[in-house]
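For reference, chains read A, B, C and D in written order, and residue numbers begin at 1 within each chain.
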Amino acid sequence: MKILVCAAAAVLGLAAVPVRAEVIAVVGGTIIDGNGGAPISDGVILIDGKRIAAIGDRSTPIPSRARRIAAQGKFIVPGLMSTGMFLADGTWPPLTILYEGRYDEVAIESAQLALKGGITTVFDTWGPRDALLKAREAIKQGRVPGARIYLCGTWVGTGGPYSDDMRSQFKEAVGEPFAARIDALWEANIGEELVAMPAEEVRQEVRKYAQSGIDFLTYPVNVHRAGAARFIVFSPRVQKVIVEEGHRAGLPVQAMFVSTDEGIRMALDAGADIVAPVPWGGRPMSAETVALLAQRKVPVLDMTAPAADLEWYRKHADPAAVKLQEISDRRARALIRAGAVTLSAPVSGAYSADQLETWRQGSAPGTHAPLGEGHVRSLQGMQDRGMKPVEALMTATRNMARAFKVDKDLGTLEQGKVADLVVLDKNPLESAENYRRIHLVIKEGRIVDRDALPTQRLMTAQPAAAR
Amino acid sequence: MKILVCAAAAVLGLAAVPVRAEVIAVVGGTIIDGNGGAPISDGVILIDGKRIAAIGDRSTPIPSRARRIAAQGKFIVPGLMSTGMFLADGTWPPLTILYEGRYDEVAIESAQLALKGGITTVFDTWGPRDALLKAREAIKQGRVPGARIYLCGTWVGTGGPYSDDMRSQFKEAVGEPFAARIDALWEANIGEELVAMPAEEVRQEVRKYAQSGIDFLTYPVNVHRAGAARFIVFSPRVQKVIVEEGHRAGLPVQAMFVSTDEGIRMALDAGADIVAPVPWGGRPMSAETVALLAQRKVPVLDMTAPAADLEWYRKHADPAAVKLQEISDRRARALIRAGAVTLSAPVSGAYSADQLETWRQGSAPGTHAPLGEGHVRSLQGMQDRGMKPVEALMTATRNMARAFKVDKDLGTLEQGKVADLVVLDKNPLESAENYRRIHLVIKEGRIVDRDALPTQRLMTAQPAAAR
Amino acid sequence: MKILVCAAAAVLGLAAVPVRAEVIAVVGGTIIDGNGGAPISDGVILIDGKRIAAIGDRSTPIPSRARRIAAQGKFIVPGLMSTGMFLADGTWPPLTILYEGRYDEVAIESAQLALKGGITTVFDTWGPRDALLKAREAIKQGRVPGARIYLCGTWVGTGGPYSDDMRSQFKEAVGEPFAARIDALWEANIGEELVAMPAEEVRQEVRKYAQSGIDFLTYPVNVHRAGAARFIVFSPRVQKVIVEEGHRAGLPVQAMFVSTDEGIRMALDAGADIVAPVPWGGRPMSAETVALLAQRKVPVLDMTAPAADLEWYRKHADPAAVKLQEISDRRARALIRAGAVTLSAPVSGAYSADQLETWRQGSAPGTHAPLGEGHVRSLQGMQDRGMKPVEALMTATRNMARAFKVDKDLGTLEQGKVADLVVLDKNPLESAENYRRIHLVIKEGRIVDRDALPTQRLMTAQPAAAR
Amino acid sequence: MKILVCAAAAVLGLAAVPVRAEVIAVVGGTIIDGNGGAPISDGVILIDGKRIAAIGDRSTPIPSRARRIAAQGKFIVPGLMSTGMFLADGTWPPLTILYEGRYDEVAIESAQLALKGGITTVFDTWGPRDALLKAREAIKQGRVPGARIYLCGTWVGTGGPYSDDMRSQFKEAVGEPFAARIDALWEANIGEELVAMPAEEVRQEVRKYAQSGIDFLTYPVNVHRAGAARFIVFSPRVQKVIVEEGHRAGLPVQAMFVSTDEGIRMALDAGADIVAPVPWGGRPMSAETVALLAQRKVPVLDMTAPAADLEWYRKHADPAAVKLQEISDRRARALIRAGAVTLSAPVSGAYSADQLETWRQGSAPGTHAPLGEGHVRSLQGMQDRGMKPVEALMTATRNMARAFKVDKDLGTLEQGKVADLVVLDKNPLESAENYRRIHLVIKEGRIVDRDALPTQRLMTAQPAAAR
């Protein structure tokens, strides 16, 4: 066991602990361990240093030197995990302008918002690789608090924030030279030009990128552009090359923006480990594809929101927008019914007041929930569509850890695992809203000072005028 | 032989000939038969009815009842064949508005312009299927003169003139209801919605379309949209389905808009019979791809223009536009050097005065040469890039006939073939410009009254204001 | 009296009548003469040739040779007059394309739709001068039936259909050369370039234009462009020059697109005879301006629709659009309350099925009522806002005739006036809807064959595809 | 004299000087005093405190306690004055985003760049009033160095940076809430809504604004929008109201963006003190207008650049752009020939590297010269068009001081005037380029530490990525 822990520590980059670690006992709460079984009432979780030393009912022995945390009437869940978020959302021009050279700090702020909301681990979906690496290390090495970061940087073959793949309409506002500079930060060596390359040239570039320190590799199956989302980015041959190079570097590979049944099939044929379906192909996922995903147990990102949102769109949005919402809704329901492995992926980030206000118009209330809040809507959405609450929790814990191959250390409350946990005042299995009733967050065995988060407000600062 | 002719007649839809056919002897000219060999000086071509009864030197016996056409000092080439053109160019809004319900007449006008210019056969590249079928039949049955038409209608999975694949920016100008009506004419049952369909649904629709009377089937490999041209329309699996259904209906299948090396490979893997590379992927075709095309003898559309145009662009156009011209130029040279099978494909049609004037700005002089003229620029372009004149002629005759599987009847001057020929005043092997020096055009054994063409001016009429 | 009649005949261009004119007696109806007084029950209108020979109660002597038209239970109103319409609406690109060279025929079709709907006189608000002159003459000389046309052509200093003043966004769709040609037809010699000219140069151009055969002169006070409608086109000095030149040519001068209180004041100071306020300044007309218009008895165009439309906008449109509707509504109510002289100006024309369908989206039902129907909505609107029915009728009869200085001949049912009248089956003073219940239209003493109108369908033809 | 100085000190806000002021003697240089006469060779300028105590030839007595500055071989000109510049250029979105809440600091940086370049006084042409006031005071009170600032804030009736009057196309990039907040800073109480107001309402708002601490009042005659620049913003009646309120507050009134002859006439009729003609009306200024301006001695802003730029445009720009350049060129030449009072107004500001690089494309080299450099191009331009060098200097000194009514203190080198002067190494009357050869700048009697300017780099800092 000891050896295992050490190996895991190496993987997670846990710093060596010279002094005797603190021992904490969370006593008396209802433990929902993330494995999907029945909760343990009046349970005990014993934490020694960064890991869970023991877990069980009241009879679990508690060392005398342990700091006891009373959890009677509380509910304990694993530290939540989230994907689908952007720690540094380059599509918002003011962010790119205000914090040029400081995107790592923005990412840390985001990771702190996440942690404050009970999310101990984030899998960043798209961002400037080098800044994210910097933020990841700062948190990993304990220099700043924050949710644990895993990152993929940009998507293979995709342009940066001011490219045609994202918001080229804003290029003029910020000026070409700035746009080019920022795009280069995102694109690293795997930008748009890869799309036209022959397979072996793609391989060279992806190999270099896969070995640059990222935690997983993401590539788009379909095109990330309004009106062109049914088209395909890479030939299946190139897709296979990308997955091969990801796997060669020991990384899980995520297939993003899969908008058609053919897209899902190509992603699976290529060997992708995770798929992210989107509704933009304009057709519901076929029953065959749903069955295929469920049967192969491929983790699927779920970006849907509470079912009530759909009603909002039906009232306020144009038919084309409603149709997309309906396709998503229908797909999510079908996948849940079929028992597919689902991952909670609420699109979220650290948003400025201006950004939230801008988005408020035209979206269902709460749509752009900031990091640390979005997951509540996500988990609610899954339950609205028929998932059991205990399984919804797994989409943000065990499923996620397995999907991203970090389940040796993370994702459940089990002896030997890293001690990430959230103590809630109310039962989350009764209502997803109760995930907001946070009593305490423990990350790597330490109690998080939530009131101090974020330690520096950048995106979430008041506008200058209001100061 | 007789049976063969009859079978061919059936294929071409030649009407039964109750009376004794006219016999024509073209005597004394230099015959360039389209097979690439040395010309026959002082030759004789004997035409009996619609076909060539004999071809040879002066010793060829000429029946006394034959009508003799003196061709001393003239040059005789096979009736020219052209592709890459739009008999009814739906991207020009005034055409769609002015001639709604009469697109067949526009197509006939175009086919007559072609014929006037020595082009006896056209392979229409994109248009409203039903109107083109109507035009084809009117000409085939001899109700109106015109170049012989072969058509594919629209491309599988592609929207009509006012869709995002073409000119959606003009939709507002013509109004949604009109745009929808016109798009439907083009899209038949194989419009944009096919792109998101699973393979077997695509099969059903393509099967229906392939059996609707078209002559060849066209599908796009890459996306026909500015800025998105490197993306892929259909998965290879669907591409195979499309080709299968084309072949099942006995049709050659043409892969359009191939912008990347991967695209070429997918088209070939799918079994496409003809490929049309475009430069919009932004990279030159790789040496491997050039070699592959040459080795497999796959006919390749060449849409380049005289090399001198490139100089014009270097002087007047922005660097991005120049780059595309250079990629095309480089590809054309490489394919010619490698000995690839090339087809002359000058983008052309029946253009209005307004259209030509509109296009004049921003393009090299002569770029939008109307039907019946564009091929001269095309053939010149190939010679500029190293092709021998006699081979350039083959790109518009034998290569084309073979590519589209009509070489049993068309493409060369040989005994038994349909008597399509052009008598020129000057030697076209000396200068491509000499293809303009037409003395006589014979189509299916009949002398064409070129002065009477087009029989009705629609697109080529004077603007109302100028009348 | 005779002399007067002759003079009037000359003015109206009534052709000499060599044979004895027909005499018609409309007997037994309720006559609403357009002067605002109480209707005459069981009245008699005696028409001799083109004019009203007598009008009165049942005791009015009827010559034996008179053709008697029984009107018991019917209601007789003066032939209606309408302004605010476009006989050839150049803002619809398909119209300009399809009927280039035939805009006079479109104008005639429009005038026939008007006549069919009981409108015997139209004051065209904007159009291609020469084509409108041609249409006016064809109708005046009796070559074709139709409402009597008065025209101003374009507005001084305003660009044509494809200019920035109208629909420059459609220029690319039709091509520059076409756009330039069409714009030139509208602009004559008084296009956009006048806006930058010094006053005396403007004078020269307007003088020429005013003497070119038009019936009244129109100039814009504020700018006819979205987002720029509060700005001013001409300096007051130039406005005075324009009005002077209009008056020098004996023409009434209409000030269009007056969007601000300052604009109204400038128009009045310049001496304009008619003003057309629009809501686009974004502020309600001030009480002072309302009082000023009412006190000076300046005829004011009313382009509002039934008050019920406002509710539609409040439900379906964005706040900015609603605000404009409310400003119009408020202004119309205030002007009516103040007793201003109002002219019925329903925006209307001969619209194609595509055009109506295109407009249907985003507008209150019925908004784009075609010519011959729009006036019902206009008259309804005025009554909705407090105008008495008998006064509403005057906005489309006597007020209009006086405003455009043709009240010597037109606008009321009085002895000596031109015999334009509409016989209705139901009482229009009970409901504006009853203006649709047309029994008979008489124009210049002749019964109109309404069933034969329009004599040629252009704009109102079925789309080609539906034929 | 003493009293006068005190009064002037009060006007300029010169702080009371408790200690005995320094006395400086600039000795031996060639003095070009800005009055247009012949230079004084081997002259002496004696400065006592903030003012010039004496000026004359070598015989001028120099107190022994004076600090002597040797100026043999040097050339001394009055401190330069500039208008046409934007100390905080709100049209560049990154500026507004990066420095929200700190626009005063940006203005100070700009004023320091100006001072470094020999410009001791700037008349800011458009900016956020409150930030400019803050910057003005900081410099006036000696808290920071910088050119003396006079400001007008925004233009009456004009929207802020993200309004339709400026760059509404950038609104989406920064988000509506931010855009609204920034626009409000510029618009104060005199934004776009004034354009639709009746005259007396405009008066109330302008009165409030004129008394808010600004130094002069600016209003636009014509519209500041592409394609609408020939239209008029305010009726002459409202223009008079604006000028009256400016004058009531003791402010000079500047008429901006006058694009037509009618516009010039309206500005003069309204009583404007300074006019700024622009070429966007598309017609050259008429000879009458040129004569009128010259005769009335109305100061005219000259925004032209070296004549050589015109050649650049003829080679690289489209005909419409060239035409505007030609109109400006022609107008400038005509005004110079006619002897009009001209003010040097090089459009300039503190530009970022990105901004300069962005602008570099499509403009003649040097067009967007930053503050402190632009005036060299401006003075060169005037000399290119026939102005004598000594008069060109006056456009940036005496003419400017008189136009803005500060000539009692500023604009020339004369006894009693504020001691603003520039010592040049080479003769500026030989070449305008020599204005760059700065030996020394003295402002208010103190030698400026030019090397220390700007004291804080904001706009002129290196991009974050390059740091």
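The rule we apply is simple: a contact is a pair of C-beta atoms (placed from the backbone, for glycine too) under 8 Å apart; a residue touches a chain by one contact, two chains touch by 3 or more.
In this text, all values refer to a predicted model and were calculated from it rather than measured experimentally.
K.L.:
Give the fewest steps needed to get from subunit B to subunit D, where each step moves from one chain to a chain it touches.
P.N.:
Between subunit B and subunit D, the shortest chain-hopping route counts 2.
K.L.:
What are the mutual neighbours of subunit A and subunit B in this structure?
P.N.:
none
K.L.:
So which chain is the furthest away from subunit D, centre to centre on CA atoms?
P.N.:
Most distant chain from subunit D: B.
K.L.:
Find the geometric centre of each of subunit A and subunit C from their Cα atoms only, then give the gap between the two centres in Å, rounded to an integer.
P.N.:
Inter-chain centre distance comes to 65 Å.
K.L.:
Report the inter-chain centroid distance for subunit A and subunit D in whole angstrom, where each centroid is the mean of the CA atoms.
P.N.:
54
K.L.:
Classify the inter-chain contact topology: is it line, ring, star, complete, or other?
P.N.:
ring
K.L.:
Okay, in this complex, where on subunit B does subunit C touch?
P.N.:
Against subunit C, subunit B makes touches at 92-94, 97-98, 100-102, 167, 169-170, 172-178, 181, 185, 353-355, 357-358, 361, 463-465, 467.
K.L.:
Applying the document's contact rule, which stretches of subunit D touch subunit C when the two form their complex?
P.N.:
Those residues of subunit D that touch subunit C are 164, 192-193, 195-199, 223, 225, 227-228, 230-238, 259-263, 265-266, 281-283, 286, 288-289.
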